[in-house]
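Could you have a look at this structure, given as structure tokens, before my questions?
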């Protein structure tokens, strides 16, 4: 069966890394949603949330950090293309069962390549910022389950993690 | 019992975020080690590793991305102090049981504040770079278990995740 | 009268900051002009200007700083969109009545959102650079009256500060 | 009278701009406080403040923007030295008499050169961020009176704007 | 003969530098190829190449540095326009006759202005990175012959260094 | 003779790139001088110089670009350490025999590692900026002979290119 020949697109035939040519790809509206979590002690979560109720700061700062990081994705990830992002939003929800916080980032662009990396980067930096602001009280916090959950636009069309056979519930 | 009063150090009494004053802290040698993983299909791991054997590229690019990100941590994480890092190294090891790759970042500074965020940021960006370079063949890869595993220097001395009561084996 | 319901566009219904979605806005040619001033001792102004006659440097460096800052506006202002600026120019004129310098920045883009922030940022950084280069002789310099003076393109059409009822002469 | 010979320190004898040599200056603790304001319609101020009461966002985002800008001052202002800032804080207070908001930035370093530019830059970017977030409802807002109000440490010792003969009340 | 009146486009009539207005230029596909070299001791070249055979690192890191620098060209070169690069690739070839390495960078964009500066910047930074990684063994390495070798698209059409009368073989 | 075993310091035993540990190195005053040139048509040189006499701009902008690039060296060159530069200056001299311009950059730091890369980067970016500003009139300009000419401080003491056996006159 010859059809199964996936390739690492960022590596050319001679093995060198390069920023792939997207100039022939269509300019379409593209959206990506990524999600991740930061697990912590129940007490740390309470502190952040009560802090938040009064002050809005840990989660507010994390959202800003995530949004700003999305805009710098191409500076951080070597082979990412610069993209004129048309939207970035970050939602942070508490989850007592972790216990911890779930970060969801949505990015959008009208461009020739997708915005998955921007969403994943936003997610990661929002989590890292929460870690930074709470690390004095809980050094063992863990960032995890950062992954793409949905992707629209571009040649590959609509993709959802939930539809993947082996990935189970996201 | 008055001793249990942990506080979110980046939030002042009025609830505003600020970059805390470290000017009175000792300048000491500080080291941090962070670790994370990226889980993928077994086939993706083989492709990266065989690619790597011949070419050195996915892992090589990810290492560079992690090192460069460590140096920009203070630009990305709003309340982090700028630090004159004296060392950054990234180790990436395959783990067939994930299957996937385990990224370990070590950072060092002689400074007034710790280098945990630099190690965690290096780890995250190395994982994101691996995702970027292999996403064309495996969109469902997941970044996880990013956490501090060791920390030396500074007022709090030597800390190891493995010694924490609830954290189990890292 | 239901029509008066201005809203802070960068804050969503839940109160979280986000980079607003501009993907449905038209791509049109947009221009913005911002102006600001830096007031100083008459002696400082003379020194800068005579320095400039011979050397071209304080004002030349300030112009470069303003232009470069315009290009980084989206990195500095959290909810600004990245924009492919097609023009930035800075004009710096002495004003003996201040005494001081008046900085005018003009920015242009063909895009889905305006370039006001780029013009205002260019203006501010040009003023800050003048402060930096002359602060050894005049620490009390004051930057002021930084505002948008004109805006063309986009849904809101042509807007001029001079036409605003309460703003008087700019 | 030979004593009156102030010089523009960033310009060498040949008239070229350069980053002056601070290597012989003492490493001392240095602090700077800068202040600025953004004037707006009374209605805009109410909207921001009530928004803030519920959500904490405009002022919260502006504080983060100011802090992050302080850390990048040397990238933005051509002849500024990079500095390992040990503290940055931003305070934003409403002032009904403007009407508007007053932004105060405090920066600290243990270094060979002062942190005035960092405080002034933080102030300017916090004001610009407020402008950005409220511009949809009030395009005529004006940023002004950005100046150094206090400076401690370094050869010149303690300086306060309030003590300057011609500057009046700050 | 009035036709010979070339002008420095980044300087306006009053002598001030500005980022020229490209908003009226056509959006076309544009490509640039730049080349440069780094000369070194024969022994250094062997060390890099043998290192490379086993490890892939000096040249791999230099390629990544060149690609990442291309994306930041507009931040580094004051009057360059920001461009949404659609492709960057770097090729590094040994040349025993130098002895040294020859770096070729290719950049591509669909935009209103050319990508020469991006290709030249990529080339320069790849060479500087090689210098950095080998300087401990050969401080006298020299970077040279960095120039544009080909340019396609835009008003001026196809240009090749090899076709220039005085430039001889490149 | 076992003494001849130079090694590429940025590559560890396993072949991976890393930012070498400088934490045990002495903090000393370190200076570096780098030089480079940009060759052009005689007519282009005259245009830049006459432009300069009246306006100061091409060379002025190039100096600023070089100084600003020096401060960002560690962001651009993957394995460079961040350094608190205490001085950067750029001198640009015409040379009719090239014909072209000779750029000399001097950098200084009190730190644990040298400032060669900062001087070389400043030199390269000053040349690239000259290219950018004059490319409309002379596309064939060539940047060359970028190399370290002097280095003081650190373990290796005083080094001058002119003293090197094979390098001849610099």
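Per-chain residue numbering starts at 1, and chain names A, B, C, D, E and F are given in the order in which the chains are listed.
As a convention for this text, a contact is a pair of C-beta atoms (placed from the backbone, for glycine too) under 8 Å apart; a residue touches a chain by one contact, two chains touch by 3 or more.
Note that the coordinates shown come from a computational prediction; the quantities given were computed from them, not determined experimentally.
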item: Common touching chains of subunit C and subunit A; value: D, E
item: For subunit A and subunit D, chains touching each; value: B, C
item: Farthest chain (mean CA position) relative to subunit D; value: E
item: Chain at maximum distance from subunit B, centres defined as averaged CA atoms; value: C
item: For subunit B paired with subunit D, centre-to-centre distance based on mean C-alpha positions, whole Å; value: 32
item: Centre-to-centre distance between subunit D and subunit C (centres being mean Cα positions), rounded to whole Å; value: 16
item: In subunit B, residues with contacts to at least two other chains; value: 15-17, 55-57, 60-61, 64-65, 68, 72, 78-79, 82-84
item: Chain contact topology (line, ring, star, complete or other); value: other
item: Each pair of chains that touches, named by its two labels; value: A-B, A-C, A-D, A-E, B-D, B-E, B-F, C-D, C-E, C-F, D-F, E-F
item: Sites on subunit A touched by subunit E in the complex; value: 12, 15-23, 74-75, 78-79, 81-84, 111-112
item: Footprint of subunit E on subunit B - complex, ascending; value: 55-57, 60-61, 64-65, 68
item: Contact footprint of subunit C on subunit D as seen in their complex; value: 6-11, 15-17, 36, 41, 43, 47-48, 51, 54-58, 60-61, 64-65, 68-69, 72, 76-80, 116-117, 120-121, 124-125, 127-129, 131-148, 151, 159, 161, 164, 166-167
item: Contact set on subunit B toward subunit F in their complex; value: 29, 56, 60, 63-64, 67-68, 70-72, 82-91, 108-110
